[in-house]
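Each of the next two complexes has chain A plus one other chain: chain B in the first, chain C in the second.
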Partner chain A sequence: MQVLIIGIVIGTVYAALALGFSLIWGAARIINLAYTSFYMLAAYFFYVFCSLLGLNILLAIPLSILITTFIGVATYKFCLERIRAHEFVVILVSIALAFFFEECVLSVFGYHYHRVPPLVHGYQELFGVRVLNQYFLAFGFCIALILGLWLFLSKSRTGIAIRATSQDKEVVNLMGISEKKVSLVAIFIGIGFVTISSVVVSPIYVVEPSMWMHPIIMILAIVVLGGLGSLKGSLIAAYILAFSEVAVVNWLPMGDFIKGAVSLLVMVIVLSLRPEGIFGVAFEEERL
Partner chain B sequence: MTKKIIIGLAGICLLVWGASWGTAEAKKAGVKTIKIGVAGPMKTTAGENHWRGALIAQDEINKAGGVLVGVVKVPIELVKVDTNEELSVSDAVLAIEKAASEVHFFVGTKRTESALAMQDAAMRYKKIFIGCGAAHPELCVRVAKNYDKFKYWFRVMINSSFMGKVLFLHLADVGKIVREELGIERPKVAVLADKLIWADPIVMAVEKNAPKMGLEVVGSWRPSANASDVTAELAAIKDSGAHIIFQAVSGPMGVALGKQWGELEIPAALIGGSSYAVVKTFWEATGGHGIYVTTQTGLGPAKISEKSIPFWDTFVKRFDDFPGYTAVTYDAVYILKEAIERAGTLDPDALVPELEKTDYTGAYGRMVFYPPDHQFAHDLRFGPGYNTWVINQWREGGTVRVVWPYGWEGITYEGSDKCMLPPWMVEYWKKKR
Partner chain C sequence: MRYFLWRLYRSFEGEVFDIPGRMIGFAGIILLLSAGLVISDPHLIKMLTFAAIFALFAASWDLLFFAGQLSLGHGAFFGAGAYTSAILSLKGGLPIAITIPLGAFTGVIMGVILAIPALRLRGPYLAIVTLAFPVILQGIVFIFPDLTGGELGLYGLTPISDSALVIYYFCLIVMLICVAVIWKLTDTGSRIIRSGIILYAIREDEISARDSGINTVKYKILAFGLSGFFGGIAGGLYAHTMVVVGPSTLSFLFSIYPLIWTIFGGAATIYGPVIGTFILYLLSSQLLAIVPEIRMAIFTAIIIVMILFMPEGISRWTRDKLEITCPRCKIINMRNHKVCRVCDAPLHLEKASSS
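Moving on to the complex of A and B:
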């Protein structure tokens, strides 16, 4: 039972983090490895506003989200947009950006560990398993975000344009839709996704400069396993990997430290059976 | 009268000669200052403590005139050597290589994996290196096995074998408290240690010896030292019915563990060793949920020696933090000072035998090194009458109390207190009964 409960809560957090990344890939064709550094930056802004400056939590949250999303979009606009045709260069530049942001945080705050206050305190016991109320809140938030994204992509004109762009950029341009603008909107939503997730999830963890590293590895595994650009695939893959991790902790405690590697092994096994991922397409041409 | 004048003149000549000899000795070594490289991961708590401990020693010694080399007093100058050793072994080695030409001695280091490589580099340059953080016995076993190469290495903290012993004794104490207060005949223990080599002997020893102590080991969890979430581990441990979580953690995972354990009110005492739990930032990072966590360290607010409380107070006043075990650089600098003054030179080959004779009572207790023919050559001597280390427990308001030794071999340092079980744990198990 605890594998199920803990797997669901951790999987939902992974899903919330991965969906924005998947959206950015789908619409803008960018593998932005600096993506989770915005997760880290939002947590630090939240820490500064809330814990250092003593702002009200309800003010600190939107401020952290807005500032970090602005930095994320500006990073895309000034550093990644002009090179986005060169995928390999984008990967290198974005990883450099991630380390740049980490170094910035490190030089200001040092390698110390901080805490941001939870929005809700305490825990609940479900079938003998204790889960923090903040986890439930994060779970609810993530579900709301996922549903919101699904509604946005399926019902709104901009959402449909994003989906169309992710399927065929050339045709979208021929139809009079600015693919550049659509990509920018997708970037905005994707970064917004990760910053919102950050302020909800970071109170569960400890805020520190390298907190972006583990999530980016998990996200890469999730989006590859789910099929690059497939939101549905990312959602399912997030739960597969979360359950793998929790299962290792429960059934192989001495091998706990390899839980990340085991979830990556699950990814390798699935990809060896289905190279395009669970919901991916085998060839780009299939998108046509 | 003439005789007296002659004797007086001879005395003056002798003094002048002595002074010039001392100056010559100091000059020969090119010494205007004694440069001590404080090597540690400076952006982390451990490195900060390395630096802060040495800084207090430097200021005190220089204020008193410096270190007597021959008959000349020479001031100490600390050089910050940022090793980044918790993240990169190669960075650590490069930092030592770079600083070796600049400094006379090294003190510091934290992570054994890096310390082994840093030790190699320092020995190549024949630099005396006093270890103040890395705990694996191998660092001193190397001295015993290859004395000529590694004789310049000393360590002023107990090695992880002795740490394991201290942790065992504390585990036995807590087991006894669980039996007495909760009426549980055979308390269950979950081991939670990060996957680093220093913790391996401790985990193996607990698994082997706990049953002999009337305890049952329900499992050993070995997450990554950098894990930021241990929710799954804590859920599994609670499910195992453990009464005690025995932690051996040197990585940042210890902070997440203390925080999530307290937030979830896991009904098991969290005891043992956690490097990041020795300083005040632990209290802040856990939001106070780290209360009742116990952790092994070199010093606490108790009278281990006459110097302990004054150093503790000076450190807290100056840095608004508690001194961690890596701030033992304070004692390391004094040990170097005394050895230099006995040898009258900075020559490492002349200093090694003097360091081997060390019997110094510092803030962290008595410092005596094992002799070169001992399996732990140049390691800090552990035991009653020597150095014991301590276990601190977090209490209300972010204070700490020494809870071990508490009667072990008749030792109870003034200011110590009995270890407390978390109230939610007591309530949970009493309800279960």
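Moving on to the complex of A and C:
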């Protein structure tokens, strides 16, 4: 039962993170491995504003979200945009950026683990399992984010432009949509996603400089497992991987060490059977 | 004898001294070979040894990249080689002459296993699947702590030699030979070894390569196996130089490092990763001595800025600045020459037409 509930919550969080990532991947065509370092940065800003400066929580949340999103968009504008044509160089630069942020945080705060205050206290009894209220909040927030993104992408003009860009960049330019602007909007939304979920999730985990590494591996696995560009696939893949992770941690001895290994093994097996992901479409190679 | 030497000198003059890129490479090899005699600082020698090992590791990554297969899990080969050498050396008591080749053999097996899912995948899918392998191996290491030492790793291996200088020369020469072999295997102009041009074709357009009658499956498995072989050698050398093998050799970081070094140096060139590794590894170790607290921050900042200015890698950038290919006979010339050194064709055509 505990596995089920925590799996659902963590799966939802992963789903929100993965959706933001695949949005960036689809619209801007960059594999931004620095993506989850904004998750880490937002948690640290939240920690600084809340615990060190003693600001009100309601003020600290929007501040940390805004600052981190601004940093994220700025790194895209100044670093990643000009090398977008070189696919592998983007991977390298985004990894370097992630390490850069990690080291900056490390030199300021050190290796210590920090705790941020939970937004809501207490717990509820649910089917005989004690669940922290923070889990409910994280679940609610991420569900709201996912629904909001879905509405945005299917109803608004900008959302439709983003979907069109992820399908065909050249034709979008021909239709009079500025592909650059669309990419920027997608980056903004994607990084906004990761910072918002960071603020609601960080009270559950500890805040540390290398907290970005596990999520980015999981996100990559989720996005690929679900099939590139398929939001539905990402959602389902997020739950599959989250359940396998939580189950391994709870049921197997030494589960904490091998949780990543088992969920990635699941991914490798699924991809060997279906190379284009669960809901992905096997499209032809792009030719230049 | 004198005639032979004279011929050697003449061929050197044409093939090396007239081409600045090769001149730099030649000078670099001479410099590395003489470094052990000039440098007395044992710390620097140790750093150079590790740089040589990692250069081989990065070159093996580049071999795979040359075939168009982007691997984010190269630590799997390195770790497999390192762990095999360590286990054989510790539990089996075998000498280094056996453990390192067997480590390389494990690397080949890992490469072939990795090739099974990789044959059907491409692009980002492939990258993510390869990313999974070191993590899975790390899980296996944690499951069998009796054999692998678990989280602490294995320590107390036989070192290659007692003298740091001998270790340096051993690693350097192994690295130079292996890189030369990789370079020859990926030589697109070679008439004898065909793998270079075939792997290049697979990278550029796999479907066309298959349609031209190339057995792409065979050559992709070959690329994975060879890459695993050289990665395994690097892992074995690392195990016996470091004397300790821990699960950190399988971490995400170890899979990312060859990517950083190679793309910094110049991807799909084979000599690029070697240059990139030596520059970056020595730079980071020097930064460690000067500014220990913020060295990684400065290091990554330097990488980002350099890459933004030369996205093709440092070796390609330098070559483009120094060399120009003759438009008529395709022979490499220095950029400051006006006419080709062989066929006297004007080199800078755009300039000539505008004036």
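By our rule, the second predicted complex is superposed on the first by the 278 of 288 C-alpha atoms of A that agree within 3 Å, B and C clash if a C-alpha of one lies under 4 Å from a C-alpha of the other, contacts with A are read in each partner's own complex, and residues count from 1 in each chain.
One rule holds in what follows: a residue touches a chain if its C-beta (ideal position, glycine included) is under 8 Å from a C-beta of that chain, and two chains touch if they have at least 3 such contacts.
These figures come from a predicted structure and were not determined experimentally.
Looking at the shared chain after the overlay, A:S272 reaches chain C, while chain B stays out of its contact range.
In the superposed model, A:V249 lies in contact with chain B only, and not with chain C.
In the superposition on chain A, A:G260 makes contact with both chain B and chain C. Looking at the shared chain after the overlay, A:I217 reaches chain C, while chain B stays out of its contact range. After overlaying the two complexes on the shared chain, residue contacts for A:H86 are found with chain C alone; chain B is out of touch. Residue contacts after overlaying the shared chain place A:L97 against chain C, while chain B stays out of touching range. Overlap of the chain B and chain C interfaces on chain A: residues 106, 254, 257, 260.
In the complex of the two chains, the chain A residues touching chain C come out as 31, 79, 82-83, 86, 88-89, 91-93, 95-97, 99-100, 102-104, 106-107, 213, 217, 220-221, 223-224, 228, 254, 257-258, 260-262, 264-265, 267-268, 271-272, 275-277, 285. Within the complex formed with chain B, the residues of chain A that make contact are 2, 5-6, 9-10, 106, 110-115, 117, 123, 128-132, 135, 204-206, 208, 210-211, 214, 245-246, 249-250, 253-257, 259-260. Only residues 65, 70, 116-117, 120-122, 124-125, 128-129, 131-133, 135-140, 142-143, 151, 206-207, 252, 256, 259-260, 263-264, 267, 293-294, 296-297, 300-301, 303-304, 307-308, 311-312 of chain C touch chain A when the two sit together in their complex. Contacts from chain B toward chain A in the complex involve residues 41, 43-45, 48, 86, 194-195, 219-224, 226-229, 231-236, 238-239, 252, 255-256, 259-260, 263-266, 276, 281-282, 284-287.
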